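See the structures that follow.
Two complexes, one shared chain (subunit A), two partners (subunit B, subunit C).
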Partner chain A sequence: MSIVTVQLGQCGNQIGFEVFDTLFSDSHSSQGLCSKRENEAYQASCKERFFSEEENGVPIARAVLVDMEPKVINQTLSKAAQSGRWKYGQHAYFCQKQGSGNNWAYGYSVHGPRHEESIMNIIQKEVEKCDSLSGFFIIMSMAGGTGSGIGAFVTQNLQDQYAHSLKMNQIIWPYGTGEVIVQNYNSILTLSHLYRSSDALLVHENDAVHKICAKLMNIKQISFSDINQVLAHQLGSVFQPVYSAEGLFHYRRNPLGDLMENLVPHPEFKMLSLRNIPQMSENSLAYSTFTWAGLLKHLRQMLISNAKMEEEGFKDPALYTSWLQPVDAFNVWKTQRAFSKYEKSASLVSNSQFLVKPLNMIVGKAWNMFASKAYLHQYTKFGIEEEDFLDSFTLLEQVVASYYNL
Partner chain B sequence: MGRRRRLAGAVAEAGAGALPKVITALSQSLPAGPSPEIFRRAKFDRPEAAPALWQLLFRLLSPQSADGTSASPALEAQACWVKAALRSQGYPRLVLAQLPEDGSRGSRELLLALSWLLARGPLPERLLAQAHVQLGDEMPVCECEALASPGPRAPHVEAEGPVDIRCVQWLMGRLRFRWRCLITSQQEQCALLSKIHLYTRGCHSDQRLGHLSVAETEMLRDPEGGQQVRAGARVLAPGWACTPGPGPRSFWNDVRPGRGGADGGRSCAQLCSAFQLLRRLERENVGLEAALEWRRGELVFWRWMDTVLGACPPEAPAAATQPTVLPRIAGRGLGQLELAARELRALQEELCEASERRRAAWAVGGQGRGPQWRSARQALQKAVEQELAALRRAWEQDRGPARPHGPHRLVRREDEAPGGQYLRAAEVIQALRNQEACLEAALHRLQGQCRQELARLAGALPGLIWILPPGR
Partner chain C sequence: MTQSVVVQVGQCGNQIGCCFWDLALREHAAVNQKGIYDEAISSFFRNVDTRVTGDGGTISKGKICSLKARAVLIDMEEGVVNEILQGPLRDVFDSKQLITDISGSGNNWAVGHKVFGSLYQEQTLEKLRKSAEHCDCLQCFFIIHSMGGGTGSGLGTFLLKVLEDEFPEVYRFVTSIYPSSEDDVITSPYNSILAMKELNEHADCVLPIDNQSLFDIISKIDFVVNSGKLDTTVKPKSLVTSSAGALKKQQKKPFDAMNNIVANLLLNLTSSARFEGSLNMDLNEISMNLVPFPQLHYLVSSLTPLYTLADVNIPPRRLDQMFSDAFSKDHQLIRADPKHSLYLACALMVRGNVQISDLRRNIERLKPSLQFVSWNQEGWKTSLCSVPPVGHSHSLLALANNTCVKPTFMELRERFMRLYKKKAHLHHYLQVEGMEESCFTEAVSSLSALIQEYNQLDATKSMPVPDIPRLSVAV
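For the complex of A and B:
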């Protein structure tokens, strides 16, 4: 089954490119460390998910690119074409001349409705290329204007038009120090809207990824490209094929469906985090709660100590909420094939309290600004009223409370 | 019992040798039926006969395993399932429910349960109809069978202590995701079927059909069927994790021009080559003959069952008062109809009685009330009348031309099909849409009721703010 990726805004397009490049290089890497047949099955499975085929044999990413400025899209398209190994579809992008000026309301209420038809048409064409559609993977930032505003708008449209298809949003949490003054407003609007229309939010914190680059990869001057590569590596490690069950030697057909069924069945808990080792060490655990630190330590230990995976450490009920049995809460998926030059690696996708504190902080900051009505007119003038803000606050307060009470 | 005894006398002269023959026929017409020896031992409640009978009952009662392809679970799980399924179907004997689930005892009870199932309806016929060899791509055009037999209800489990509502919501969410995955799989199946039908256009010798079905394509592709078994054992395609049953994916990869089967997908045990098809047809024939044989000699079996029953210790009186259902050979679906009609009559009587009592109570209580009460009563009466009229309309519509039933072969045609026996997809879709609309209306009504109830509960707790969960 196939996944259609929608890349939105500068951030989404840059990350999207890295993700496809990672997926492609990994599946065509000669360092798979497995049998030829295994490798072929792995490649075929990856291709079915993320690439379609054209006459001349160059795989085409199942992706739609959307931005309101042409610069990044042009760069992305040409980078892919230059690689000579894969490319984007000829008509699979949409761009305009003018951005959203970091105003969520402008992206959501002006750009979105204005270009709704064009964008949804391009997406529909991409969907029609799939024999079967598992769902959508939507990559966007959380705090900007275009990616987050149009992203929320497009996700809502996808929910209306493809109600049965799955929707996972990959969102980038802004730096705590802040790039944009209204980032907290944008963030709460994005999150609350996605909470209504998406099935799962896979969150990456810029701060955390930055630290991985600095501490683990020893990069001196960290660029966005470095950060995006780390992100792409983590995403690739989750979306590449794995076996469906112990002893059954075929790959999962519906990775998005299986992930969601296990991770986000409860409608109040939709926020997922992703960790991957080796690449991180305990240094990067500063923002984790104690239990997760323990988890990761174990993830790490079992990789170092023994070739066999031992899953006993995850069966401790103390790791999970009281209303779920460990056997329901925890699942292991495996493959013999190595991922991206790492002979052994493990990734952990979890639905946990890891984001409660940052979320609470963002909601708090946004509320303080809202209480003094700072910058509100910039939103109301494009149709996002105080009422909408209040709705967003209510919803997110509820989410925070639910996570705290786990 | 009386009828059985009377008839039993008539076949008494059939002789002692008839019984093993009849039981053999019965065994052959059931999936994985045990030998007559097992039946004989079960009469004497010998423990070694129990596992085979648990297994047999499991196969008979579980809907998926009728085709014999799915793996059987452990004996404990089978026993647990059999108990639950029998209970949900109204099996009257309590002794069975008390049997240990390790499958070590109770072969006589199991034999009684089996004969109860046989007596309730034409079991071998039903199973044979379920497992019959299909050559075309068949598809049911109505949901009436699914609705008529919703399967055994899940066993009622008493929770130890309070259940966290979040756990229920979590399970509900999982179900929703599975449902969505199922829809996606079905859509994929349809898309691929359509491709095969398009690609094999003009290949069929039968002009009315025009194209090949999945099974026919497979026969052409691999007439020996030899490689297929090996390939299936070697790699199950990535294509086959969640689509159950025969599937068109592997064919599509093979019949598609200029492309190899990239998925390496040759898998399904149900897809048959010519050789396998022949074998399956032979098996089906054996089953059909055995069912005939069984029908002819059935009474010998029932006479013998009377002796089995006689060997049982008497049961508690509460269970003995349950009505006994006599064996009968019913037409397809007729038995269910009769059962439903009887239940309906009973319900109607109950309803009349209840409403009479209610009316009487109303009349007494309402006398002293004012005009407000009278207007409320009028509004209620009006609502009831409207509901009744709607029901009548729906009934009239339903009684129109006989609605199509059962599985139909899927045939793709460009031109207009001649009328008569054919059914057009558009008509089926329309009928299903109507049904969907009805069900949705019912759902909305129920949701409205729930909402009102919630509002009432919320009103009863002052100082409490209700926030609806986001989404879904």
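For the complex of A and C:
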């Protein structure tokens, strides 16, 4: 089954490119460390999910690019075309001349409705290319105006038009400070709207990824491209094919469905986070060997510390909510095929209290600003009123409380 | 890509405008080596086939034929505009973009605003509409004028209202040159206060600049460049004042260096919207992020580094110095001390070889020494543009919405009151049709209301951050 990726705004488009590039290079890497048959199955599965074939043989990403400003889209399209290995569809993008100016309201209430038909048509064309559709993967940031505002609008439309397909939103959580001043407003509006229309929100925090670049990858001067590559690596590690049990001959066919089935047990809890090991610089990679025990132990410590190692470590009921059995709450999917440049690697996707703290922070900061009515005129100008903010606050306070009370 | 139109009004506005076009051409020439008309150039220039007469001849793609500035030049005297038309930039403008008169506004806001405003309204509007029609997607008007004189101040602010009525969706960014206290125009406090009311009501963003600060910055650069202490490492040409490679060969007039600073401010302000970068900042993001309340739209700016060192490798320490300097009071383009006042919001626009981690490190480093308003403790907006200014590796433009603009406004009000109490020179204004005493009282109370808003914010400065009770939900 295939996934249609929708990449929105500057952030969404930059990351989307890196994701496809990572998926492609991984599936065509010569370091798979597995049998030829295995490798072919892996490649075929990856391709079914993310690429369609054109006559001249260059795979085309199953992606739709949306931005309200042409610079980033032009750059992304030409980067992909220049790679010579894969590219984006010729008509699979939509852009305008003037961005949303960091204003969620402008993206959601002005750009969204104005370009609804064009954007949905492009998405439909992409969907028609798939033999069977697993769902949508929507990459966006929540700080700006286009990714967040139009992202929320498009997700809502997808929910209306493709009610039975799954929608997973990849959300880039902004740095605590320093990107966009109204990011907390934009974030609460985005999150509250997505909570109503999306099936799962896979969250990446810029601060956390920045730390990975600095500490694990040992990068001195960190650029956005470094950050996006780490993100793409993590996403790739989850979306590449795996087996759900020993001795199976077929890769799991419905990646989004599998993830949701296992990770989103209740509509109140939709926020997923992702951890992946190992991640290190090329230099240290040459001197490292990996054992499964070590990796899993490490991964488990990242989830919560102190316990036994190996897979057994994840079977401790204390890790999970009382209304789920560990057997139901925890699943392992594997493949022989190595991912990217690592001989062995493991990723953990969890629906946990991990994100409740940053969420609580953002709601708190936005609330503080809201109390002084600062910047509200910029939103009411485009039809987002105080009541809309209050609705968003109410919904998110509910989410925070639910996660805290687990 | 969007386009902007520059509206330069009065002597000062046109002189700065002239520097701006000169440097804008130099910048695009340096970036665009192939001579192909691209989207970056289109933001300020049209590409025109001059062989075609009439309105045709606009070329949207291909080789650069003849570039025309997206500008409207307005002055009620002929001197400066004529000088531009005889100078090296003459080909960038054509007569359809100009409006001049011969009589001048006599340093009288009322003459500029009321007399010339209505006299030239239709003609100006037609030229503005024409320039807008040439744009694919017009985003912003940049108005350049001075506050103290008659034409820039009076007619410039009149046009602000015209633009608002005619193009409500296009942003209005105003670069206003404020008179210094030793100004030679006696009526400059009147003109400035009358103009301030219009800026309060009809501008989206105002970048206040004063001549004294520009002069101090030039002296500082001259001192370092000529002191000989660093003579082997300092490039002789300063980043912010240099016109090397521009059409004008020498800096003949003392004002040229000062005008170049303002021209560079505008170039850096728009660089992230024109060129690529890993973190873009479009012009509409500036007011969205920096203007929390409609009236508080005065942004204090600073440009660093003022001069660059000759060697290309930048040790982090020197890069950090660039960030520190942007907050010091000697680098502000208006006499103000943001460090000891209250920030409502702050933007850092970086160009060149600087990464997000450099930006983050410096924000973390500087944050403890700066005071932000309680509801915007993390009020930072940043952008990274990969194209550096011509001949340099990196640069920073800091924009601060900060209560430090208040003293300038208060001083202006004092000077105004000193004149107004004696009713000095008032009759020159009142004899102009449509001017009444109420214009003065309304203008001064508009300014007082603004000062009061800043006062209220300042009063919260030493108070602890309040913890506002959140919504409670039933679980």
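By our rule, the second predicted complex is superposed on the first by the 374 of 406 C-alpha atoms of A that agree within 3 Å, B and C clash if a C-alpha of one lies under 4 Å from a C-alpha of the other, contacts with A are read in each partner's own complex, and residues count from 1 in each chain.
The definition used in the following text is that contacts are C-beta pairs under 8 Å (C-beta built on N, C-alpha and C of every residue); 3 or more make two chains touch, one makes a residue touch a chain.
Everything quoted here is computed from the prediction, not taken from an experiment.
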| item | value |
| --- | --- |
| Which of subunit B and subunit C A:222 touches, first, second, both or neither | second |
| First, second, both or neither for A:103, with subunit B first and subunit C second | second |
| First (subunit B), second (subunit C), both or neither touched by A:1 | first |
| Touching partner for A:383 - first (subunit B), second (subunit C), both, neither | neither |
| First, second, both or neither for A:48, with subunit B first and subunit C second | first |
| Contacts of A:398 with subunit B and subunit C, given as first, second, both or neither | both |
| Partner chain in contact with A:113 - subunit B first, subunit C second, else both or neither | neither |
| Residues of subunit A that lie at the interface with subunit B and also at the interface with subunit C | 394, 398 |
| Subunit B partner contacts - residues on subunit A that touch it in the complex | 1, 37, 40-41, 44-45, 47-48, 131-134, 164-166, 192, 195-197, 241, 244, 248-254, 257, 260-261, 264-268, 321-324, 394-395, 398-399 |
| Residues on subunit C engaged by subunit A in the complex (per definition of touch) | 1-2, 39, 136-137, 139, 276, 278-280, 282-285, 287-294, 345, 355-360, 363, 367, 374-382, 384, 468, 470-473, 475 |
| Complex contacts: residues of subunit A adjacent to subunit C | 10, 14, 69-72, 75, 97-103, 145, 175-182, 210, 213-214, 219-225, 227, 363-365, 367-369, 371-372, 374-375, 377-378, 390, 393-394, 397-398, 401-402, 405 |
| Residues on subunit B engaged by subunit A in the complex (per definition of touch) | 164, 166-167, 169-174, 176-178, 180-181, 183-185, 187-188, 191-192, 235-243, 262-264, 467, 469-472 |
